[in-house]
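Labels for the chains are A, B, C, D, E, F, G, H, I and J, by order of writing; each one numbers its residues from 1.
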Amino acid sequence: MATAIVLLKIDHNKVTGTAEKLLEIPDITEVYSISGRYDLLVMIKCDQIDKIESIVTDQLLKTDGIVDSETMFAFRSYDKREGGRAISVD
Amino acid sequence: MATAIVLLKIDHNKVTGTAEKLLEIPDITEVYSISGRYDLLVMIKCDQIDKIESIVTDQLLKTDGIVDSETMFAFRSYDKREGGRAISVD
Amino acid sequence: MATAIVLLKIDHNKVTGTAEKLLEIPDITEVYSISGRYDLLVMIKCDQIDKIESIVTDQLLKTDGIVDSETMFAFRSYDKREGGRAISVD
Amino acid sequence: MATAIVLLKIDHNKVTGTAEKLLEIPDITEVYSISGRYDLLVMIKCDQIDKIESIVTDQLLKTDGIVDSETMFAFRSYDKREGGRAISVD
Amino acid sequence: MATAIVLLKIDHNKVTGTAEKLLEIPDITEVYSISGRYDLLVMIKCDQIDKIESIVTDQLLKTDGIVDSETMFAFRSYDKREGGRAISVD
Amino acid sequence: MATAIVLLKIDHNKVTGTAEKLLEIPDITEVYSISGRYDLLVMIKCDQIDKIESIVTDQLLKTDGIVDSETMFAFRSYDKREGGRAISVD
Amino acid sequence: MATAIVLLKIDHNKVTGTAEKLLEIPDITEVYSISGRYDLLVMIKCDQIDKIESIVTDQLLKTDGIVDSETMFAFRSYDKREGGRAISVD
Amino acid sequence: MATAIVLLKIDHNKVTGTAEKLLEIPDITEVYSISGRYDLLVMIKCDQIDKIESIVTDQLLKTDGIVDSETMFAFRSYDKREGGRAISVD
Amino acid sequence: MATAIVLLKIDHNKVTGTAEKLLEIPDITEVYSISGRYDLLVMIKCDQIDKIESIVTDQLLKTDGIVDSETMFAFRSYDKREGGRAISVD
Amino acid sequence: MATAIVLLKIDHNKVTGTAEKLLEIPDITEVYSISGRYDLLVMIKCDQIDKIESIVTDQLLKTDGIVDSETMFAFRSYDKREGGRAISVD
């Protein structure tokens, strides 16, 4: 499962609205409103790595309300729901 | 589901070892090795908010290899696997 | 008592006005004008954690005059007025 | 009531111990373990401004476990418990 | 003598004008144009601490030309002109 | 071609030695000594995405002399040598 | 081969368009959409060092959509395709 | 009057001791313990500009307890005690 | 010879034009377009220190195209063209 | 004339010694002790670009006392002493 995590700073008046629009993007699985310097944390999980870039560039970042972003790509996931062993991102 | 996300900078020689030790901590559900300024992203999900602090302080941060950390608390989660509606962190 | 602390950078011409509007938000207990890189520090204390996000997102951040913000969630409070022992945030 | 707020980064192995030692310092009223780039937030409230510097310099910062600190002085407090009007720090 | 030091970033076209307007504010004793990331350093010295906040918020920061600011409060002054021993800020 | 770019800060006395050791790692194609806040820029190109994490974690970061690092993953490459059209990272 | 690497932050709505326009600039050999604080990484390779400045200043930075940039000059390239030994940038 | 302002981060256990040693350096006129990211602010005033460098380099920075420093040179001083008009630093 | 060095971030469309206008300011001796977070580095050398402030404030910073600046004052110059020994800035 | 500028943070006890050692390196033409976040600014001017990297890596950065560095490469120089027109770095 190709995974990326995006930290987003949102226009103060649009946090909830932006979060809900992001949730409508198919491969976005989780959206959290978080403490800290950013406002939202978005989890992207999809079957192909190259889809991540178009999800981020062509859909996520074009969502209204986004002021700044920092994208982190998950090279390797140790997701417990899949037996807890280190599984590759492929 | 009380949720927190912790970004970790790890001693360069201990990334994999630290990631696997973190996975042994009960309420840590996912550990990702990530691109960017940090090396690991850890997801904590548990039934009570107050458990998060002791998980972070008494277990996670005491794991060998951690050089620096930044903890983000999820006030609200829009986790799709639970019907896609905004659900509160309780 | 669920507690969060919010650091706020304010439009230079609106510091006092914004501070007083924030004070009108029910669960905001203290507002300080502070030295340093931020202008105001706001204490939120309420009975339920999940209310904090809506207080921050739907009320606090929508207050006129806010230029930037950084939210810190209190996992655990050692508030002396309650016997001085570490009490959980629940 | 002279008020200062101190953000503290703590040696990962000493967070709880340091928090409890800080609580023993007379004019420290609240200690929170917080999310974000720092680990603890300390509230100092005392009757005279000039006591704050010696509390910070001669007691707080000399507590074992402190790695880094950032002190914010409260010029003005809008503490609701005292009638909700802006009160001066004197 | 209550003392605060304010670092100011100024609109490039207004440095001298802003400096001279600041000098007209009663309790501002010194204004320096400085090297570094900021453009001006302002010294505030007055007889009461609580006046500092209103000087900063209601006068200094409302002066035309200010782009950004960082305020430092002097807890303790070791001013040589007053016998060189550590004197409290009261 | 899975691609990642790693910025490295090196112990001042070991820049050339570290650069040459990095070149010996199979999937590291280019190593540049660069101006700016970092000392070396390393290009990793290999046939499978999941190999990148083990190249970075188990080989690159374990090379002697590395003080700090920042890893950037290339979601999409517009490499001209392959007909100039946007090609996916697969 | 004179080499420079430019990190670019792009207007969120123009990432793909800007990347493709950059590719049309003769001496730009590779454009990557990347994870991290920047959006694009651009490789410039040309036969003369002094051409790099005009490529960056007169063409690259004038491309629509660029919000911020950080340029790194490659003093020395260890490009494997040329026998793997350290070759000078000339 | 040649003027420079130096911000100093001090070893937590040595703040008062370092401040008093600094006061013994002839052309250091004021030392403040301050709020914010630094611990001390030092004012240097002397009759010749070139003396400032040796005061900073050969005396101030060699004082025990200093962890980090940032020096600001005052190009121009608007010191009110000298008739309030902008006076040059000479 | 009084010397100051100014780092300038320039509007992307105006780098060359701004550089040439700066060169027309009498005491600006060198202007470099540079790699890194800034775009231009300007050397100011003149016979009197106090002229530097007016050169920076009243001429340099008023030049069209400047987005941000950081000024460094040279306390002491070890310029080889003058016999290589440390000479004071006077 | 190939030109590079290096900002250096120096061990507080070694500023003057380090500056004088740097001056002994042939192609280092000027060394300034400067205000700001760094302590020294070094100018390198030599006839071939590729020599700059070995000057920086093999000589400058190996000089005792250097704590941190940031290197800026001059793509283009507008040095007035050479007729004031923009000359290329070759």
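Things worth noting here:
Quick note on the criterion: a residue touches a chain if its C-beta (ideal position, glycine included) is under 8 Å from a C-beta of that chain, and two chains touch if they have at least 3 such contacts.
Molecules present, by chain and UniProt name: A, B, C, D, E, F, G, H, I, J = Transcriptional regulator, AsnC family.
Remember, it's a predicted structure, so these values are computed and weren't measured experimentally.
Common partners of chain C and chain D, by the touch rule above, are A, B, E, H.
Same interface as C-D, judged by over half of the contact pairs sharing residue numbers, among the pairs A-G, B-G or E-H: E-H. Look at the CA centroids: the one farthest from the centroid of chain E belongs to F.
Averaged C-alpha coordinates give centres for chain F and chain J that are 27 Å from one another.
We define each chain's centre as the mean of its Cα atoms; on that basis chain A and chain D are separated by 36 Å. Measuring from the averaged C-alpha position of chain A to that of chain H gives a distance of 48 Å. Chain D and chain E have Cα centroids separated by 24 Å.
Chain D has residues 16, 33, 35-37, 53, 57, 70-73, 75-76 in contact with two or more other chains.
If you check each pair of chains against the touch rule, the ones that pass are A-B, A-C, A-D, A-F, A-G, B-C, B-D, B-F, B-G, C-D, C-E, C-H, D-E, D-H, E-H, E-I, E-J, F-G, F-I, F-J, G-I, G-J, H-I, H-J, I-J.
Interface of chain D with chain A (complex): residues 35-37. Looking at the complex, you find that chain J touches chain I at residues 3, 5, 16, 19-20, 22-23, 28-36, 38, 41, 70-81, 84, 86.
For chain H in complex with chain J, the touching residues are 4, 53, 57-58, 61-62, 66, 69-73.
By the touch criterion given at the top, residues 2, 48-50, 52-53, 56-57, 73, 75-76, 88-90 of chain E touch chain D in their complex.
Remark: chain I residues 12-13, 15-16, 33, 35-37, 39 touch chain G in the complex.
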